């Protein structure tokens, strides 16, 4: 894998001057993923913060071919692009070895784009699908998604007098993607850049679909101080809330094991969306969250042979 | 499907409407087809799949998981810079609705056969035009076909219309579900090389797959530019009016078959006329001939092009009539008549002397239309012409009271 | 933009943007209320600020950090937090304080 110095000498494919919030995690994810290939890459995006923030007409922050068509169809749209590429390649109409990557939020992937993502993965298109998972619909102003964790407050799952925010647990999209029997599935965090770049490299070199789920802290929606984005991504990993692993051709591998597993509250307490959980009457929710993290972590250690 | 040799680079073939369209698609040989089966379009997808499986066509076929993805993948492929097609019906068209607008708004010259079928609900699999009438304002060019022959001819011409540099808009080519799509018909099809020569190769102006010239497709287009982009689309439609006629002429030279915005049948000296789309126009022709035998001056106007809407030409074709009945195979639920009626009636507004106009909603959900029904409409028209009175602006033909 | 925006005949069809990376013309630097200040003498060239910057606002020269692109830096402060303690080459100061000084 290239080192940072070498990566930094390459031209950025996503420029500054985009209109994403100060401290947004998404462009950091994009930078690290795109560092995973030196080849020409076509980027697709679902409607969402990243797309809106980077392509306000007549400006584009993309220095690479970019396509957005709608919210729920980024995987299908890129299926068409990738298929066109194969048709052109076959006829000798294009010479370059081109890579294809989609960036979509949790809304565009866990929810409204779930079907199109599943279809594209099942059909075996040669593309990398990356979720920047900020755990709610941030572009429309922080509404709950199926990726929003239990107990998190959003504008459609507020912490009210009768209900303490979201009552359902987070969907495990990464495992669902593993169940598609595609060549490569991984979870990454922008805090662990070398792990992310290495996984992106693997994903780009697969012959077939690859799926990467990236934790993407959101200063607006979680909310947290803008300078804490990377720290929160790190804590998500160190609390084992967001473990770093990969599943290559069905084989599970843990790629990072925290020296000391930190309590989940270390992560929760830095975010406004969990503030109400620290009231005594909501302690059971924190317990539930911690129990879920523990159980999943143990299961992951089992699957990856690291117990 | 039997194909016999014939003159002028054409072959005589017995095909259903769906087979004719699938055959046309094979000859067009798009780089990419992404489609999802839906009754009554399914045969097109099946037939095309077998062409792919047998290596008869060098097309990448994407077996998408829905119509929404069918149009999305087609948009992706067309944006990438290749010739891309899909096909659908009814609820499938409704499901891809959002992306139908994206295709036209992105100026992608996609060609899509649509087999007209009633929209749910309640669910119904038979013919009416509610599906494509709903997409009248989606920015697609719309060509309606009476027969398998017309569906085939329109399809071949659609490629040229869509890809014309002055137009660059997607085209849908309609035929009536089951009636045309599943009815066996004798038709003339072109030799493969003639189709290839007629359509030429597709050259995208700003393909996405041009890595040295990165282009951004589908940006956030706000108050300061969106309107300009929509104005450009209107201009493309305006240009399409000329292009449709030019390409029809070229096609006529090749095949001997004549096309324009509409077909006039015994209309020039008619006193009253029916306006009706697609297969019902065929039934109406039979009635026209029968009534003409009786010395009644009846005629027919069968629209082919509804988008763009050549209003002046339509008005010009109908202006000499005493009374006109527009038969709509779909509802607008405006309580003011069907879609074709509303538009044609509006097109007549500038005329100093206008025919009296009445509307018949018929055939919803595949309800049969009989020659006796159509005769009844002509009788009503003569009554209107005689009395100068339109008793019912909107009539429901063939529904039980 | 003070000049007249182009009419519909003068822009590419379909909403395409054919000038890649044009967002660089758009200055997001004025979003800032705090600004990172770079001390070249302390910098150990670990490049962490570069890999973590959401705004591509770390200026480089032949793969080395040389400062901040204030045209685009939104002042999130990630670079300051992530700059290793042993280096502490980046610090944050109030944007308006800086402005007052220059006035």
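The letters A, B and C name the chains in turn, as written, and every chain counts its residues from 1.
Throughout what follows, a residue touches a chain if its C-beta (ideal position, glycine included) is under 8 Å from a C-beta of that chain, and two chains touch if they have at least 3 such contacts.
If you're wondering where the values come from, they're calculated on a predicted model, not measured in any experiment.
Chain centres here are means of the Cα atoms, and by that rule the chain farthest away from chain C is B.
In terms of C-beta pairs in contact, A-B outnumbers the other of A-C and A-B.
Centre-to-centre spacing of chain B and chain C amounts to 53 Å, using the average Cα coordinate of each chain. We define each chain's centre as the mean of its Cα atoms; on that basis chain A and chain C are separated by 24 Å.
With centres set at the average Cα position, the gap from chain A to chain B is 43 Å. Each of the following residues of chain C touches two or more other chains: 11, 15, 17, 20. Touching of two or more other chains is recorded for residues 106, 214-219, 221, 224-225 of chain B. Annotation for chain A: residues 55-58, 60, 62-64 touch two or more other chains. Per the touch definition, chain B reaches chain A in the complex via residues 31-32, 34, 58-60, 62-66, 68-69, 72-82, 84, 98-99, 102, 106, 208-211, 214-222, 224-225. Of all residues in chain C, only 5-9, 11-18, 20 touch chain B in the complex they form.
Within the complex formed with chain C, the residues of chain A that make contact are 4-9, 12, 14-28, 31-32, 35, 54-64, 190, 193, 219, 225-231. Of all residues in chain A, only 40, 42, 44, 51-52, 55-58, 60, 62-70, 72-73, 75-88, 90-91, 94, 96, 98, 115-116, 118-120, 122-123 touch chain B in the complex they form.
Contact residues on chain B toward chain C in their complex (touch as defined above): 105-108, 168, 206, 213-219, 221, 224-229, 231-232, 235-236.
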